[in-house]
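What follows is a pair of complexes built around chain A, which joins chain B in one and chain C in the other.
Here is the complex of A and B:
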């Protein structure tokens, strides 16, 4: 079967490793994650002092708006994550030196809408709530007349497509925590089947608002263990207690190899495999034996036509929740076990540094995976001091490690039992 | 610009089942709905209803009818059955869902929201019900579907994307059966806001299910063959909607459609997209035993165009 090769020619990211600056380039991002820097810091929702979730990896939004004022001048009304996504997409486009002479599309993921909270609050003080809501809308027309529009699921992808005058496929996926991985996978396939020359693929998310954080807390997903303070995002550690939310935007430029070569673009890596699957188990919990996760990993290996032993590095889903990290470890051991050998790929969770970007999580992780293969360095899992007894693989604790990486995998497993795995190959210009 | 989405080794993709479950008011509202086309919704169990989205009842009924027509038990297919969904319109929780939690509250700070979520009055699954991938998760659990999947959320265009992805995966042999499912409401949150100001649009739910297979793995006689799919975006992703007058005038009979080999449904429902129009043509052609090849077209306000070429077997 003759499928066209798909390479990565650009990357753009927006997040922050401290409150006084932004991380706005792939170089800054790589510098931070390869040196084990944490983006997690104290956080509470606005006007709240005793919210049970006390840490998150947030972006200083005022600073972001100030720094990207020019870029956002003509932007439509978007949610917070939409602005992160728009800027990250433009940065990736610029990084790839793309021009509109080739056909370009976009694939993103969307999550739970951020706003309508002020509308909900307006309901609180009266029994006659439809009237109260109407009054509230009349009081704040500029804020609310567009609130539904701003949080429409595909608003961000439309804004990106319009701002970059795209004529390729404009796709929006909602695959929960595997959303960005599915967006990248669907973009990869769109190029393979010749629909387009290039795709911007990735996502942006922000769940640092009361409504979504309350929902995650009530589902028992968030870390609340206060003794660990900012180190509480500790995948595979015995003291881990749940996920720590992060926010930002990240996009990769996927391009057909032929198009990239024709315009003499710098190639950072190649996507060679994608697989997705469903647990069909519970909408709120993953399969306890990781059957769905295993199916996605095996499907990606099958797509890449690779035996498991060829994978040198796995960027794990590694959420720091008690269940995920054990199930993911068991799944990796089942798939990658070799006869008479206890050698497994190196594994790390970059969520330990940047937090969990929920629907967009796979986007910064895919960038980390591409840069790991490009630089030959595995980024670490930080805050891993005493490994869980059931997490007994090499998670590259606390310090990056040099390693020649030929093939790397990025795993993403989401609510609703939605799983996706992507395989990146180090690009060899001499490889025909 | 439309480009060919099926530039892959040719494997016949056939439709082996389809079902449409429209909103109750749809048949009266939309003139010219094909007689006997839409099915009534069947009630869900309380357990499933607790965590499935508002259009879930319609989606479960549609998929059940389509699987039954195809004589397929999805639970027997394991990872060889793929699921491709599109949710359109209003996805998220209603104000009514939250109101019980506010009944005794007088605070207006953000902490009221935390209290709301932790209160017993509000369904703890609201967060799950409000996800735009709810259909994918809930339907996969309901039918034990474990194969390749994608949940598209792109209004009308999402239905074509779901079909496109299903065809690619079937043709490349990644799966043997695909359930393509699109569901939702006729209006979205933004329009519901306007509706509060006097609009009379229907916010009821609808769903369409389509079962696709490669012809060589189809155990029952196929209903129709999908030859080709093309899709694309117009420059700047903007598309002028036809005038109301054009829409009103555009009600071709099936004979006219067959003559022109072309169908453009200006009244395509948001919850069904091109999958609805495709099912409509298949249903009409099957009723009249007409094996003509027809191009079914679709577009949406974001500048998306799609064309599917279909023929009843």
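Here is the complex of A and C:
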């Protein structure tokens, strides 16, 4: 089968590095992450004291709504993350200068349905909740009456597809923290086989609500704070204590090279490999030897027909959890040590700056990876001061580094052992 | 044309109805449901018995981190995989040769409704969440946890994806398996579909769906179903000849894609499908009926949701089982040597998937 080459012709993102502004373009995003800026700041759920999770990388939602009021006017009611996704997707579409004259689809991901505090309050007590649901959501139509609809898993992808008049495959994936990577992989292959000309691929998530944050805390996954020490996202550092949640939306436009060239589109990079795997180990922990992670990496390399030494940079899953960072490091060492054990790709974790977007995490990380190859700069891992003794590779601590990148890999290893790796190639216009 | 082969597995429907009984004229019997539970949207629903999975010898953590939909799907998937392993020797295959593709409904809450309801203030809610919620509650709410459990229990480690939440999701699972086998990313794939448990939250998610279908008396049904796809005709029940998928938005104009599909079938000298099996919708408006009659004149249309209830992401796989039963029993409208059936799975928001099913020796 002749496979189309798949290139990246657009990127859109929504997140925030402070409370008073939004990060709404790939240029702002790149400026922030390449300068090592942190989006993590104090957070607590509404009307709740003493909540054990105290830091997150959040978006000022009032500011977001104010700024995007016009573009959301005709949007159906969505969850918070759905709005982020819709805006990011539209921004990517615009960045690619796309029109609906070609066949376009969308692949995205969803995690735990969002239920925000105000909705919780409207639901009322445990004993009579079916009745209170009816009272609050059906008999008295209000914003709340639609929230059940808003939280169905395909709500965001359908809103994007409808608003951009898509006719290609429209797909929603549940892949835990590898969800957006799987969406990008599925989209890449759909174009490769000629199912569609282009796909918007990525995701959006928001876990800054009591329900999901509690779930993450109960799993023991979140970073801990003390009065003396803020909970920072510090992947590969010996003091790391867990993930710090982030939120936002990020989408890439994937397009067949033929279509992009015909439109004379600017090409930021090329996707050349994708692999996914399952740990088949435990739902509560990654395989201790990184068996599943290794399978995804090897599968992506095989798909790209590349030997490991060709990879110049790895955008790590790098969650800042004690176990992930060690397992990921050992896995990388095992896969990439085949020829010369002293030379490994540079590695960095974008999560150290923007937090963990859970199901959508791979989307801003894929954008960071594409921009790293495009600019020839490896963004840093911030908050990395004293590396864990078991994390002994070059994670580009605290400061970006210039490097010509021919091939870069983005890794995503989700809860329950759902893994995905993507390989990006710097696009060479002269390359046939 | 590279077709793939399907070996049917377990089909779990209320009342133990299966596709062979459906083509004999039986259907799933729905029961009364209170207006309080259904939020006044439907009067009947069909419920599937819960399973504790103990007969599969699964560990405590699997049971503690799965809710009803997840358990039904795990049960059907494990039963199917065991049956397939008994039939086909896969011992020479590498673990990564097998893919796993699921279509599931949105998981909204765990079995006892935590963590979506609470007493008192938000502060109390937070406290209640942290004290009363199960430590692994967060995992229960992830659809991907079901994939994780099935992988652990079958040792499947290959390419994978979980799709959700409506009728197209099960078809997306089949379509991705089809392409991944064709493209050499796996040699075989376990595919399963599940319907979410029926709760008040289910009705909130499906409010518009049921409101728009009130006059057709559609009822929701809980179910799970699984099959195996591979590249070998031995022991197969059917083959999957062609797949397509499109987004048609709320206008649901999918006929350009159907035209392409029929053209491609014709180029490969495959006769137009004699049966059309719809899931995800139980009624077409006059305009869509006319167009369907134009492209596929005199073909028998089966609205499987009228027989088994609306089963969401499981519907596409039930549609395949139904198609296979029709083909195996030679129930065709015309006398042709290689009959085929077309399963059309529609997502609620305009996703439409097509799967052309043929006999295994086609």
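Everything that follows uses one rule, which is that the second predicted complex is superposed on the first by the 393 of 432 C-alpha atoms of A that agree within 3 Å, B and C clash if a C-alpha of one lies under 4 Å from a C-alpha of the other, contacts with A are read in each partner's own complex, and residues count from 1 in each chain.
Everything below uses one rule, namely that a residue touches a chain if its C-beta (ideal position, glycine included) is under 8 Å from a C-beta of that chain, and two chains touch if they have at least 3 such contacts.
From a predicted model like this one, the values you see are computed outputs, not experimental measurements.
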Next item on the list: Please tell me, clash or fit, for chain B and chain C sharing chain A in the overlay.
Entry: clash
Notebook entry, point to check: Which partner does A:153 contact after superposing on A: first (chain B), second (chain C), both, neither?
Noted result: both
Next item on the list: Using the touch definition from the top, say if A:283 reaches chain B (first), chain C (second), both or neither.
Entry: both
Next item on the list: Based on the superposed arrangement, let me know which partner A:305 touches: chain B (first), chain C (second), both, or neither?
Entry: neither
Next item on the list: Pick one for A:264: touches chain B only (first), chain C only (second), both, or neither.
Entry: neither
Note to self: Under the stated touch criterion, which partner chain does A:219 make contact with: chain B (first), chain C (second), both, or neither?
What the structure shows: both
Check: After superposition on the shared chain, which partner residues are touched by A:194: those of chain B (first), chain C (second), both, or neither?
Finding: first
Margin query: With the touch criterion stated at the top, can you tell me which chain A residues are shared between the chain B interface and the chain C interface?
Written below: 1, 45-48, 51, 105, 110-113, 117, 120-121, 123-125, 127, 129-130, 133-134, 137, 147-149, 151-154, 158, 161-162, 165-176, 179, 182, 186, 189, 193, 195, 210-212, 214-219, 275-284, 291-292, 295, 299, 414-418
Margin query: For the complex, give me every residue of chain C touching chain A.
Written below: 36-37, 39-40, 61-62, 65, 95-96, 100, 104, 106-108, 113, 115-123, 125-126, 129-130, 133-139, 141-145, 147-149, 151-152, 154-166, 169, 172, 176, 179, 182-183, 185, 200-201, 203-205, 207-208, 245-250, 256-257, 347-351
Item checked: Partner chain B, residues of chain A touching it in the complex -> 1, 45-48, 50-51, 103, 105, 110-113, 116-117, 119-121, 123-125, 127, 129-130, 133-134, 137, 144-145, 147-149, 151-154, 157-158, 161-162, 165-176, 179, 182, 186, 189, 193-196, 210-212, 214-219, 275-284, 291-292, 295, 299, 303, 414-418
Notebook entry, point to check: Which chain B residues qualify as touching chain A in the complex?
Noted result: 1, 3-9, 51, 79, 83, 87, 91-92, 95, 98-99, 102-103, 105-114, 116-118, 124-128, 130-134, 136-138, 140-141, 143-155, 157-158, 161, 165, 168, 172, 174, 188-193, 196, 231-238, 302, 304
Note to self: Using the touch definition from the top, list the residues of chain A that touch chain C in their complex.
What the structure shows: 1, 45-49, 51-52, 105-106, 110-113, 115, 117, 120-121, 123-127, 129-131, 133-134, 137-138, 147-149, 151-155, 158, 161-162, 165-176, 179, 182, 186, 189, 193, 195, 210-212, 214-219, 275-284, 291-292, 295, 299, 414-418
